[in-house]
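In structure tokens below, several structures.
The two complexes that follow have subunit A in common; it is paired with subunit B in the first and with subunit C in the second.
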Partner chain A sequence: MKNTFWKALGVLLLLYVFSMTLLVPLGPGLLEFQDKGKVQHSDIVGRSLPVYEVIGFGTHWDENSDSLGIFVKSKGQLAALEIFEITDETHALVGLDLPYSIPSKSWNVLVNHPIDGTLLLENALFLSDRFVDASIELPTPAVQEFGSNLPFHFPYQPQIVETIRNLMLHVPLWFTMFLLMGIGFVASIGQLSNNRNMEADMRAFASVRVGMWFGVLGLATGSFWARFTWGAWWVDDPQLNGALVTVLVYAGYLVLRNAVDDERLRARLAAVYNLFAFVILVILLMVLPRFSESLHPGKGGNPGFNSYDLDDALRMVFYPAVIGWMLLGTWMYLLTLRMTRINRKLDLLP
Partner chain B sequence: MTSLLLEAHPLEGLFFGSGKAYVVLAVAAIILIGLGFWMWRAEARLKSMEKELKSTKNNTSS
Partner chain C sequence: MPNNAWTQFRFLTTHAFRVEFRQKHGIAGLFLFALASVYACYQVAGGRASAEIWNALAWVVLMFSAFNAVAKPWAEDSPELRSYLKTTLRPGIWILARMAYYVLIMSLLALLVFFAFALFLGTEHLGGSRSWSFLLGLEFTAVAFASLLTLLSAISSRAGAGFSLTAVLGLPLIIPIILISTRYGSEILSGVIFGDTAHHLLFLAGLTGGIATLGYILFPYLWRD
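Entry: the complex of A and B
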């Protein structure tokens, strides 16, 4: 009963993870702030203003549209934009009313709405034809700030957008691979301390064999993620190349085992190789990428999900995903180990 | 890249509005439950093989 419980728990946790991952909506965000290349007369200021289009994602601008506020902000100074037209729930045309002398050329766009709360698009507006005067003070607009009023949702992240759901696959798959390769590392140390007992060798073999699957799936999900966020299936990045080399090093472990017939020699050679493979894994995936520039989150000054991106909604799914995948991986490892034991016993039968 | 794609075909409409998210979830759930069931069956088969092997070993040694 106890033996079945944790296995069923692993499957149930993963069912919960898949349900949440695929069905929880993404929160609203801002996609673009585009210059429409035309002007429109403003009745409020009594002159023509350049027209810009604000494009949102998952926003609700057609509801409570009177309360929608769109602003630009730079160097702590805020300026309200005149809303000419709310085209639909995610599109609005606005007029930019800024003086010739401005505190900075680069501006953030802020949108405030009673349902969506405050949304930010950093460096969305660059005014190259204006004069910069850091001492200038713009008149402060009246702002009525609303908090968001949304159901349970995943946070919107620029560039990542809907692909943030892949977090529940990609990262836990690598964590499970680390766990399994760690089991293999400990087993290999055990094998080297007592080369007569083949149990440790079988443990190391089973863990690496299953861990390889998780490594390959980690690479595949990472490659898909890169395609939709960075625009390429593979980029020359220390983290990505390190992950590929690690998987290839472990593939070498499996090849090495098949190349040696003598059981004890094979166990000793494979154990030594496995120790080096694990050290390479730690260096290539955990140490080196932190000392070099990388597109990958958590490396080279590029913030990881754990710093500020992983909010409470993501945590509610991410942590069960890590536990679920690890339980499934452990179950697979135990099955492979039992199969390896049976194969060995069959080989030893007269 | 994703921003441009989303602007042209918002995933919220394409993926959720069309009900495709439920189809993907159903396929994922079938695969996961199938995998769990297959592993549970494999465990039962391994158990019987271990038993058989043990009795064969005992018979050989006696």
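Entry: the complex of A and C
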């Protein structure tokens, strides 16, 4: 019972994680603020205004459309946009009414709605042909603020959008790989301190073999993520290079094991190489990327996650995912270890 | 064999060179290989190379020369001689001496590669102090290659698998060094001043120190039976 409890827990956690990952909807966000290149007459101000199109993602603008408010904001100053037409739940045409003298050329777009809450698109509007006067004060429009009124959802992030679900695969897979390689590291130290017993060697071998799977899957999920967020299957980046080299170094460990026939010599050589490989893993994946510029989040002097990357909804799935993958990895490791022991016993039979 | 670590180290290093110069074809072959590679690069690049190609080819030639240098089998790797040496000297000192030997050989090779590149592929990218900065980078890289490949060739010769295993184990581990070096080289050749890109050399030095320390700690385990 004690032996099956944590395995069942791991599987249940992963079932929970997979269902949440696939079923929880993504929250609303703003995709684009486009200049339509035409003007339209406004009955309210009595002039023609340049027309822009706001494109949302997963928004509900066709419901309660009277309460929809669209604003631009710069240097703490707000200006309301006139809504000409709400095409559907994610598209709206607006007219921009700003004076010739403005406090800044670069503006954020804010959309306020009773269901979606307040959505922000940073630096969405750049007015290059206006006069900048920092002292100018625009009239403050009446704003009716709404909190969001949505069921449980993952946060919308620009660029990442739906691929945020990959967070539950990619990151825990790497964490599990670190855990398994750590087990291998400890086992290799044990093997070097006592080379008469082959137990520690089998532990190191089993952990690296399972860890390799997690490393390869981590690379694959990372590659997919890179394709959708950065636009290429592979980019030249310190974190990615480090990950690939680490996996290749551990592949070298498996090659080295195959090259030696004598069991004790193999155990010792493999242990020496494994200690070396783990030091390389720590340097390449945890130390070097922090000193260099990288596209990968959590790098460039900022270790790990910060509050912008991970909100409460993600945490509710991400932490169980880490624990679940680690339990599954440990289970796979124990099975592989048992298989290795049996194979060795079979080899030793006359 | 004296018991003092420094005396042992000095003796082993000079001994390695003495053996090398007694049969000169080994070291001559190394230099010839490097020179021939540079000449092949000169032909491949079609006489003159842009700064990027100059940089890339220089590091690749240095890398293959390094692999070629450690491919030599050592008499001390034979089981008989090893079991004798085990009783007389410390294995940690022995690997450090072997590293020192390869560091010297590789420094000379780096010098040769540099001057051969300047001769064949032109010096227009190497104005003023840039050439010294680039040569310094080559030397730091050569030292890092030498220390890493010494350890790996010791592992693979102990495994009895010969040179192909050194290449399999070494190539992935060489990649980080090559990445740092090429970045340094391209920055030097594109005119970045030395002070702004010298941190790459610090990384290389740190890596070399780490590899040497690991070798010193781990090598005794390789020598046991």
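Everything below uses one rule, namely that the second predicted complex is superposed on the first by the 344 of 350 C-alpha atoms of A that agree within 3 Å, B and C clash if a C-alpha of one lies under 4 Å from a C-alpha of the other, contacts with A are read in each partner's own complex, and residues count from 1 in each chain.
One rule holds in what follows: a contact is a pair of C-beta atoms (placed from the backbone, for glycine too) under 8 Å apart; a residue touches a chain by one contact, two chains touch by 3 or more.
In this text the structure is predicted, and so the values were computed from the model without any measurement.
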Message: Quick check for you: in the superposed arrangement, does A:M339 touch first (subunit B), second (subunit C), both or neither?
response: first
- request: Based on the superposed arrangement, let me know which partner A:L138 touches: subunit B (first), subunit C (second), both, or neither?
  value: neither
Message: According to the stated criteria, A:V235 is in contact with first (subunit B), second (subunit C), both, or neither; which is it?
response: neither
Message: So in the superposed three-chain picture, is A:I189 touching just subunit B, just subunit C, both, or none of them (first/second/both/neither)?
response: neither
- prompt: Does the superposition put A:A313 against subunit B (first), subunit C (second), both, or neither?
  reply: neither
Message: Which partner chains sit in contact with A:I83 here, subunit B, subunit C, both or neither? Use first/second/both/neither.
response: neither
Task: Kindly classify A:L265 by the partners it touches after superposition: subunit B alone (first), subunit C alone (second), both, or neither?
output: second
Subunit B versus subunit C as contact partner of A:Y273, first or second or both or neither: second
Task: Tell me which of subunit B and subunit C touches more residues of subunit A.
output: B
- line: Seen from subunit C, its contact residues with subunit A in the complex are 151, 155-156, 158-161, 165, 168-169, 171-173, 175-176, 179, 203, 207, 210, 214, 218, 221-222, 224
Statement: The subunit B residues in contact with subunit A across the complex are 1-3, 5-7, 10-12, 15-16, 21-22, 24-25, 28-29, 32-33, 35-36, 39-40, 42-43, 46, 49-50, 53, 56-57, 60
- request: Report the residues of subunit A in contact with subunit C in the complex, numbered from low to high.
  value: 192, 195, 241-242, 244-245, 248-249, 251-252, 255-256, 259-260, 265-266, 268-269, 271-273, 275-276, 279-280, 283-284, 288
Message: Which stretch or stretches of subunit A touch subunit B in the complex?
response: 7-8, 11, 14-15, 18-19, 22-23, 25-26, 31-32, 55, 57-58, 90, 158-163, 228-231, 328, 331-332, 335, 338-339, 341-342, 345-346, 349-350
